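What follows is chain A paired twice: with chain B in the first complex and chain C in the second.
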Partner chain A sequence: MSAPPPNRHPLDAGHAAYLALNGALLFFLLAPIVVVVVFALNPTPYISFPPVGVTLRWFDKFFAGADFMKALWLSLWTASCVLVLSIAIGGGCALALARGNLPGRGWLTAFFMSPLMLPAILTGLALFQSYLLAGIGRPVWGLILAHTLIAVPYVLRTTLAVLYNFDRRIEEAAAVLGASPARVFFEVTLPLIRPGVFAGGVFAFIVSFDQFPVSLFLVVPNGETLPVVLFNYMKFDLDGAIAAASMISILLALSVVLVLEKLIGLKAYVKL
Partner chain B sequence: MSLHSISRRNALRTAAGFAVASLVGAPAILHAQTRTLKITTWGGKWGDIMKTSVLPAFEKEFKCTVQADQAFPFVPKLQASPRNDPLYDVLHTNSNEQWNSLTEGLVMPKITAKEVPNIADVYSYAVSDKIVGVSIFTSAIGLGYRTDKGLAPPKSWKDLANSKLAGVRGGYVIPVNSLGQAHFMMLGMVYGKGLTDLDAAYKALEALKPIKLVDFTGQMEKMLLSGEVSMGVIHDSGIYRYDGQNQPVDFAIPSEGVLALEQVLNVTPGSKVKDLAFSYIDYMLRPDVQKLLAEGVWYSPSNKKVKLDTKYDAKLFTSEAKVAQLIQPDWKWYNARKDDIDARVTKILRG
Partner chain C sequence: MASVAASRPTPIAWLIAPALLLFVLFFVLPFGVMAVMSFFSSNPVSNPNAVLTTRHYQRFIEDSADIFHDALWATLRIGFVTTIVALLIGYPLAHWMARMQSRLGHALVLMAVIAPMLTGIVVRTFAWMTILQDKGVINTTLMLWGLIEKPLPLMYNEFGTVLALVHIYVPFMVLTLTGVIGRIDERLEQAARSLGAGRFRAFIEVTLPLSLPGILAGSLLVFALSISAYVTPSLLGGTQVLTLPMLIAQQVGTSFNPGFAGALGVILLIVSLVIVVAYNRILAHLAGEQGLA
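Presenting the complex of A and B:
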């Protein structure tokens, strides 16, 4: 009796096309990052290919720039606040929508998702006008609230996805065994929806950290976020410091994803 | 306890109370007296000089605080703020945006020597009928080129159309860049009847294809430095700022003249500190402040009394004869037609 054939896909035309498409997509997604890396490490103050050497001077310039550092910390602070707020608000809304038997649930979901449908630049402009008319100026908490408005739908959507795929019999079993509603929530519901909530939180953090159109109208002099500072810098000094800043942003976003993955295991959510 | 001792104690208490109150209240009173001037200003080297030297000295002299916004877009933010409590007291933009702002009633139509005494010393272009407010500096839009590509220094704007420059000439995305818009008008003048000859400009623009287009002047500088562009439309300071850095680039003044890229200051009608706003403009026109900024960023000062060091004086527009080469576009006319022009040039450059 001969051995069973190995479990391999024959390299037919369809499979080759599939691989080529995937390769092309990966290239499309990663090529800009490669350009950024080359620009950040190249000594010339402009994009040149092939690179003429390797330098860290643009990173030096970025970290030595008081404006860059102030903006970086403001962006990190804002994104961290947005992460917490959007998890609290988005997670709470998702629970209410999925479990609350609320009338007009579809409409409410659409309402909470609506900030994603409006062009962010208009959201920024509208909030800017509202803040000025209300006489509160442009405080940092106003910027954080604006970012939260944009970020909440991400948490809402990912948490709702988990809640709709949730086996409610587990909660019922806990209740039948005598657990109070609070205990059921904290010991059964929350651990199960956590990956969805935190996956949304990661999106919220990144959306806030990279937020440009909304911030454009809401930042104040000497209180600009990193994307706004980079945009203005680019108008006058287009050099490798921009690429260095972009690399730092990419690494920070990646770090947040990796830390959360380590802490709460986002893979679990991916499997859902 | 005697009446005398009580009264002395009371007196001491009262005195101590006043002392504490004055210590606690002093910063608040001082703060209340400190006025804030809200301005817009550029970033880059200009912004560095402003932040480190110019504004601190102004704040000290006028006992005020200056809030300088470097984050674009200035005019939309001003538009969206209440007219009676505008976001800015002084608006610093190029001339085209000042005209737009005037149409919206966001800035004052004219500033005179009565409000800003140093205006008496400026070149006439700085307060001409093509200017809303006052131009404190100008740079000259001409042609930047590589000196290592075997190109003869350009003598005319027509040299940009040289067939050898196909694909290595540089221009701007006209709808979003005022240098691009000014160059477009210049095409009308060079190839047609004048700056307002749109048909000639459209035709000449078509002939410049293939052309590399950028959004910002900073990008054009880098394209020239990298050699991606051999000749491009740029303002003189965008080239001169690399003076002494051994870069193979230079700036040429075409025989037809250069276009003025004015740095204009103006006051918002609703400003609550108008006197301070005028003082700031006057301060920016002082010869010492003008010299500091002119030599820092290679802008030509508007004040005739400014004496620049030789190397700057040789290149910048610092005499009546040199200033006569500046051509000021009619931005009011252009802005009124901007939408149509944008649509047409986009179609031309896309096709």
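Presenting the complex of A and C:
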């Protein structure tokens, strides 16, 4: 897509206004993130602006809080299980959709993507009612499978993007050269889709770690995930401990962005 | 992409089984359970006296406490305003990204759009609370400069809710639009300009109409996401905002009325399903266009 550069006049007023507008919009997107970092390091006991200094006491408070730590570990454990499960389930599903010659592929893909479009709070409510009806209480595995359901579409999307992009003739060439279908699968297809599957797994991890609406009805008192604990805390108190927890979440998101860029390039994700 | 004449499923097709099992047991079935529960007076398993009833829906329709219709209306209104503002903000960004020549610039802007998207909703709502509250960034700065005497009411109302929702969902709009605008041949706009149209007119008459499917798809996506928002309206709306998802959470958490919660869920689900079907149609249309190109 390297079109010849159009004859632009970079200095005219219209173009300057266009750039200024987009600069302002980028500021709108990023400023709230920066503000969180400022408050995480600001020593005053309440949220106050402008900041008066730099401290790490809020990180101390966060990491010393038993409730916070319990929730953090539960969230990390859940997200790790979701990562593994959604890679296995979503990766297999993507292969079946792209290579399985299944009838009604378009319909099936839309079906497996639909948890992204339907209100997540309803998925949580529906599962809550089902667990209630089945009389199984609210076990952690129920939470993990609920998160997996929401995470599978992300793995599906990134894996399908890679599967549809790569040249099938590579597989055919391997077959022509005498490789059995199983060998083609394990030695050609699987290595080629690996970045897409891993990228999906990274998404799955962060989707589970940050998940709120699905978790809301599925966690038990004293067994809440980190976002739920933060939400309940914020209803009554707004101090630096929340900012510190938020900053950890932001750093996680930033590292995920970098990992994704390395694995498949963010551009591949943009393609629908 | 015509598929090769009616071929049978290959053994690889079996790999769909775990996903199908998960989705049937933890997605299709639960939504069915929710719909069924909305027609029961109480839990039919634990309570043998539970009877089939339409009372939950009647309660919503009669609305004797005068809150349910307002909540539905508030949900749709917040969704609508959020969508319009997200479109107005998202379009210039998407256009800029789609037309950017520099690879590095493109990657950086893309990161700036995706990084907020991957930050949790609770975290982003917290960020807006620190910005909008009475002692927040905006009010303190304005008072410091002597521009206002007392803090502006920026949150615990619909304004703050919509502002934060726009910030949370605008990346979805940008990503949808960038894909569509990027597929529009830039030479069409150049042709219009070489025929004498100004940059603005070329955009209004060529690029904007061609990006209409993207506008529609992005808007439906943002609308579907913002009518199901719970965290942001409950923290930033205060007592002034009551939406359908908040009402559902109340019914489960404080009133413990799963039947009525189910009925409210079914109502929200129907609204969402209409949007999802429309969205998928537009995507299918877009994919078809891409195949022909």
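In the analysis below, the second predicted complex is superposed on the first by the 227 of 272 C-alpha atoms of A that agree within 3 Å, B and C clash if a C-alpha of one lies under 4 Å from a C-alpha of the other, contacts with A are read in each partner's own complex, and residues count from 1 in each chain.
FYI, a residue touches a chain if its C-beta (ideal position, glycine included) is under 8 Å from a C-beta of that chain, and two chains touch if they have at least 3 such contacts.
Fair warning: this is a prediction, and the values are worked out from it, not measured in the lab.
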Chain B versus chain C as contact partner of A:V256, first or second or both or neither: second
Contacts of A:T44 with chain B and chain C, given as first, second, both or neither: first
Which of chain B and chain C A:L238 touches, first, second, both or neither: both
Touching partner for A:T123 - first (chain B), second (chain C), both, neither: second
Chain touching more of chain A, residue-wise (chain B, chain C): C
Which of chain B and chain C A:G14 touches, first, second, both or neither: second
Partner chain(s) touched by A:L132 [first = chain B, second = chain C, both, neither]: both
Partner chain in contact with A:A88 - chain B first, chain C second, else both or neither: second
Chain B versus chain C as contact partner of A:M69, first or second or both or neither: neither
Touching partner for A:E224 - first (chain B), second (chain C), both, neither: first
Touching both chain C and chain B, counted on chain A across the two superposed complexes: 46-48, 125, 128-129, 132-133, 216-217, 231, 234-235, 238
Of chain B, residues touching chain A in the complex: 42-47, 67-73, 76-77, 80-82, 85, 87, 216-219, 221-223, 225-226
Touching residues (chain side chain A, partner chain B) in the complex: 44-48, 125, 128-129, 132-133, 216-217, 219-222, 224, 228, 231-239
Contacting residues of chain C [partner chain A, same complex]: 3, 7-10, 12-16, 18-19, 22-23, 26-27, 29-31, 33-34, 37, 43-46, 89, 92-93, 96, 101, 106-107, 109-116, 118-131, 133, 135-137, 140-141, 144, 167, 170-171, 175-176, 178-179, 186-187, 190, 199-200, 221, 224, 227-228, 230-231, 235, 245, 248-249, 252, 258, 261-262, 265, 268-269, 272-273, 275-276, 279-280, 283-284, 286-287
Of chain A, residues touching chain C in the complex: 3, 5-6, 14-15, 18, 21-22, 25-26, 28-33, 35-36, 39, 46-50, 88-90, 92-93, 95-97, 99-103, 106, 108, 110-112, 114-115, 117-123, 125-130, 132-133, 135, 145-146, 148-149, 152, 185, 206, 209-210, 212-213, 216-217, 227, 230-231, 234-235, 238, 242-243, 245-246, 249-250, 253-254, 256-257, 260-261, 266-267, 269-272
